[in-house]
Amino acid sequence: MVQGHVNLNTEKTEQWIQEYVDGWVEFFKKQTDTGKVADYIPKLEEADPNSLGITIIGKKGTEIRSGDVEHEFSIQSISKVLSFITACMDRGIAYVLQRVDVEPTGEAFNSIMHLEVKGHQRPFNPLVNSGAITTSSLLSGNTSDEKLEPLFQLMEKIIGRRPEIDIDVYVSERDTSMRNRAIGYYLLEEGYLESDLGVTLETYFKQCSINVTTDDLARIGLVLSNDGIHPETEEIIIPRNIVRIAKSLMLTCGMYDASGKFASYVGIPAKSGVSGGILAVVPPRVRENELPFLSGCGIGVFGPALDKQGNSVAGIKLLRHIANSWDLSLF
Amino acid sequence: MVQGHVNLNTEKTEQWIQEYVDGWVEFFKKQTDTGKVADYIPKLEEADPNSLGITIIGKKGTEIRSGDVEHEFSIQSISKVLSFITACMDRGIAYVLQRVDVEPTGEAFNSIMHLEVKGHQRPFNPLVNSGAITTSSLLSGNTSDEKLEPLFQLMEKIIGRRPEIDIDVYVSERDTSMRNRAIGYYLLEEGYLESDLGVTLETYFKQCSINVTTDDLARIGLVLSNDGIHPETEEIIIPRNIVRIAKSLMLTCGMYDASGKFASYVGIPAKSGVSGGILAVVPPRVRENELPFLSGCGIGVFGPALDKQGNSVAGIKLLRHIANSWDLSLF
Amino acid sequence: MVQGHVNLNTEKTEQWIQEYVDGWVEFFKKQTDTGKVADYIPKLEEADPNSLGITIIGKKGTEIRSGDVEHEFSIQSISKVLSFITACMDRGIAYVLQRVDVEPTGEAFNSIMHLEVKGHQRPFNPLVNSGAITTSSLLSGNTSDEKLEPLFQLMEKIIGRRPEIDIDVYVSERDTSMRNRAIGYYLLEEGYLESDLGVTLETYFKQCSINVTTDDLARIGLVLSNDGIHPETEEIIIPRNIVRIAKSLMLTCGMYDASGKFASYVGIPAKSGVSGGILAVVPPRVRENELPFLSGCGIGVFGPALDKQGNSVAGIKLLRHIANSWDLSLF
Amino acid sequence: MVQGHVNLNTEKTEQWIQEYVDGWVEFFKKQTDTGKVADYIPKLEEADPNSLGITIIGKKGTEIRSGDVEHEFSIQSISKVLSFITACMDRGIAYVLQRVDVEPTGEAFNSIMHLEVKGHQRPFNPLVNSGAITTSSLLSGNTSDEKLEPLFQLMEKIIGRRPEIDIDVYVSERDTSMRNRAIGYYLLEEGYLESDLGVTLETYFKQCSINVTTDDLARIGLVLSNDGIHPETEEIIIPRNIVRIAKSLMLTCGMYDASGKFASYVGIPAKSGVSGGILAVVPPRVRENELPFLSGCGIGVFGPALDKQGNSVAGIKLLRHIANSWDLSLF
């Protein structure tokens, strides 16, 4: 719970932050007992529930890595943020938002009933499955590869390598996700899908199966923190108004049914996935103390033991502790 | 720790801002046609649909007033924020959040069905009616006056005078709000109410009937922006962790079924009421441009013509325009 | 056009039926373990869970009584049938059905959510609480006593004495039924109630608190079986088109969430109450076998141990056994 | 409106009934304006909205045909009754009812939300789509043809020829029914389907595409009226306990969201389909007047103009009129 008087430009300070983060990663690693690794497909089930890793990359170049940061894991629902961004870049914000709303919902992420209760209204937001599948359908292209090309290019610009799909994960997702097919056919009937359902679902399952590391997520978070501008090249990678909506969505809907609690207790835009990953964004803040990362940073977390809402048990605890120590909350 | 080189203390800058705001208030006043004044009680129905007023009070003391700022109007749902804050101050955050969650909901503000669908779960959040009534029941005291005393004292510290209840509004609310009674009895059966239902509803109707001005709302917003500290006396009026949850709730749930859109397009914590008031909070921001109010401000708006979600038509347009011009969004 | 060669008027046959029923009452009395006496008010909680009694009164005058037929118990939800009948006699079928539909619902008897999901539609039917409260509001009169007078007179004509309200039950119902008050206020807001809510609920609670015996229920059932005509005086007590709708409602909606199963496995119109009473109606049937009661009968059952749907555990078993033995099903 | 004293065995009586029915068919043919032919597939859209035909076949051999009885039309949802019957004959009632309940629901026939609200409970009944698809999955066989063979054989025994599938209808159903695929995948995920989803849906779409005439429906109705026994050969075609549940289901759930009203106003088991067909069953009744068809009959109706619930506008009016004239109601 210490803050105070850190000068991020000195090596000494970085060392201090590194030790601080290492200590808490060790501490929260031991608190994964209440969680459970996702087991609906084999690859996810293989994960070590006691893993915990975090990468923090600050706007000024500071990079902190701690714990199990070497793992590759499938991006899962975190891809919904990127898919929404590329759909907006491709079709325009107005076009996308006519087909998917940006309102939080109290229903489960895989709910169909809200579509039926509301009666012929677009899905609540792009971060629930109905909205994410609709968003995938909006991507240009006749095949899933064509549709995902802009997303791949965007990721490559940010993480410095072309991302790869985990074929085992993809095949498992494709062959087991009956609920997503149910949602897909419902959306098709309601007229929300703009591409063939088979291609749409293939796109959705592929985007969920992209492999990432905590470093990748931190780099993505940093670009979002930095209003869409690459922190080194200063290139505008994502238009700012799209970044803004993406961060707003992450804050209001990013952490499944615990989004409100995460906003209240942590207070930064974040999106989690069922593989245990969390992408978090710290916008620049004004604070009177000299705390780390006040000029903004991106954070990537991996901790595959999930709580009952589907979020990384240890990841949330770690983010909450750090955010409160360093006063990172937007609020 | 940079805030830009606008010096808000110079008369010239303030004059420029004043003229700018005046111009847009005039402009948006003429765009109230799509809205409709609330008509479920006589006092609200009397309001002039073309009214529009705004007060902005900055941390450094700048005060901007424009349009119809002289009106008194009932605070309505905006009181839910203050009631939540006083309940947390009175009973502790943990106690309150065991009885009311902080999750956004896709259901209407006056929904009962979410309680039935979810089955014996606490109300979604303190800003929907079921959560607000539960919150009012948590306030200490045997009478509505005893229960509201801390809220009155809090408001008095902020706005500089003891607030008054509009008796006509209170009597109308009390005598017409059948849905709130339905919600109240449902909550009573489910065991969420901690005080007599009659007293609870009386408390709720009274708190909704408190008269405020745009100045009052701006001053409240400024204290929330300033982490609960009075900007002049520097007294801690509200503990910071409570302020933080309150602002998070405003962002995720403050604008009825348009909360997600408001977060995406405006991006600041706000709470609206059916009388046409909006309480908005601008936390301090880091921006490289020289824009006004980057060190934080509170905003009060009054514009009684409402859109179909129940938010001030012109008020939202005005806030969106200003927030985008001055880059006030959190995201 | 008479069937069957059983002559129910002979002492020998009656004796045989009596022994048969006695045997099965004894048998099913021992099968009440899975049930539970209603415990939300003290008077109901006092009931002996092992009680089981039945009265069968045939059109031709045969009367069979077996088990605990001497008990008085509150009529509870069975009163909804009588209240619907008197409302139709008082206001006309068309008037009543414009305010309450006659459709079965998959929701619980005390659901509010169906009103919200369907959006400004009348309650599903007069046998769920929302429909029953609406029906009670339609009864003429300014007080609950005035409203219930026709119902009392109707019952008196059938059971031969003026029925009495169990004051303890009434007071308990009135003071504990928060859900019914919630429903009442919801209906009030939606505009379905035609009398003061307080008077309406008083009426509803009073009608539920009328004391009856299995004999009384059997006599009521017999009149319904006999198309509304008193079996002795041959007076038309209830118009036939109203009796028909009442029996249809009992078949489709009379046994709470087990109505469909009761229709499938027993196949006769029936209405149960939470005190353990069942009113059942056997219309005249054509059968080639020589079975008892083919010319129609009324049945009253009392067995206070309830299954999880709220129906008498032993009562349903007994009715199912008898109906199948004697081929009483409509189908 | 009075009839009476008809001796069905004389030619004169039959002639009188024929003329009576002819008159009312002509009359109700002109009352199809409020209806609309189903237009979701081309073949249904081709139907003449002013068509109306009826066949009544009595237990004693009387056959009445009137209006457009020569049309072949697809059986659509009426097949759900036959599929339920063959599934019960194949797997046993208990097995089937463990997977599909027999409770009416207030939700639409193509609802998914009830599955989500109730949470892992079997579909409400075999006459809503979720229950019918589940039922089709229970039929033995590895292909849709194998699965449907018993249904075809059952129909052949009753209607005297092997029924045929309308290929155009089948192809259209298969290619357009996205909602049914959504339901199918939902059921698959919940574990209710016992055969491959593709085969299950193929089976379901094929059974809906079987061509019938009003004569066929009347013959099926007669067998159901006659407790499953062929009226001429006296062979037991369907076990009686299955017939009983089928009739009970038709009465409580057979006419979509108007089932309760049909039970109240007409009072006989019936099942409608979107092609405008109605299968109705009149069990034998005891009445003091000598009215036609009191010993039971089957009725087939065709009238493709549908009301908003999906039932034949003119068909319902005609059935209601006849049932009331001849006192056919069960109640």
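As written, the chain order gives the labels A, B, C and D, with residue 1 at the start of each chain.
As a working rule, a residue touches a chain if its C-beta (ideal position, glycine included) is under 8 Å from a C-beta of that chain, and two chains touch if they have at least 3 such contacts.
According to UniProt, the chain labels map to these proteins: A, B, C, D = Glutaminase.
Remember, predicted model here, so these are calculated numbers, not experimental data.
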{"item": "Remotest chain, chain D as reference, centres from CA atoms", "value": "B"}
{"item": "Residue-number overlap at the chain A/chain B interface, same or different (half cut)", "value": "same"}
{"item": "Listed chain pair A-D, A-B or B-C that repeats interface C-D [over half of contact pairs the same by residue number]", "value": "A-B"}
{"item": "Rounded Å distance, chain B centre to chain C centre (Cα mean)", "value": "51"}
{"item": "Gap in Å, rounded to a whole number, between the CA centres of chain C and chain A", "value": "57"}
{"item": "Chain centre separation in whole Å, for chain B relative to chain A (CA means)", "value": "30"}
{"item": "Numbers and ranges of chain B residues touching at least 2 other chains", "value": "117"}
{"item": "Touch relationships between chains, expressed as pairs", "value": "A-B, A-D, B-C, C-D"}
{"item": "Touch list for chain C against partner chain B, complex", "value": "111-113, 116-117, 178-179, 181-186, 188-189"}
{"item": "Of all residues in chain A, those that touch chain B in their complex", "value": "101-107, 114, 118, 124-125, 243-245, 247-249, 251-253, 257-261, 263-265, 267, 269, 283-288, 294-295, 329-331"}
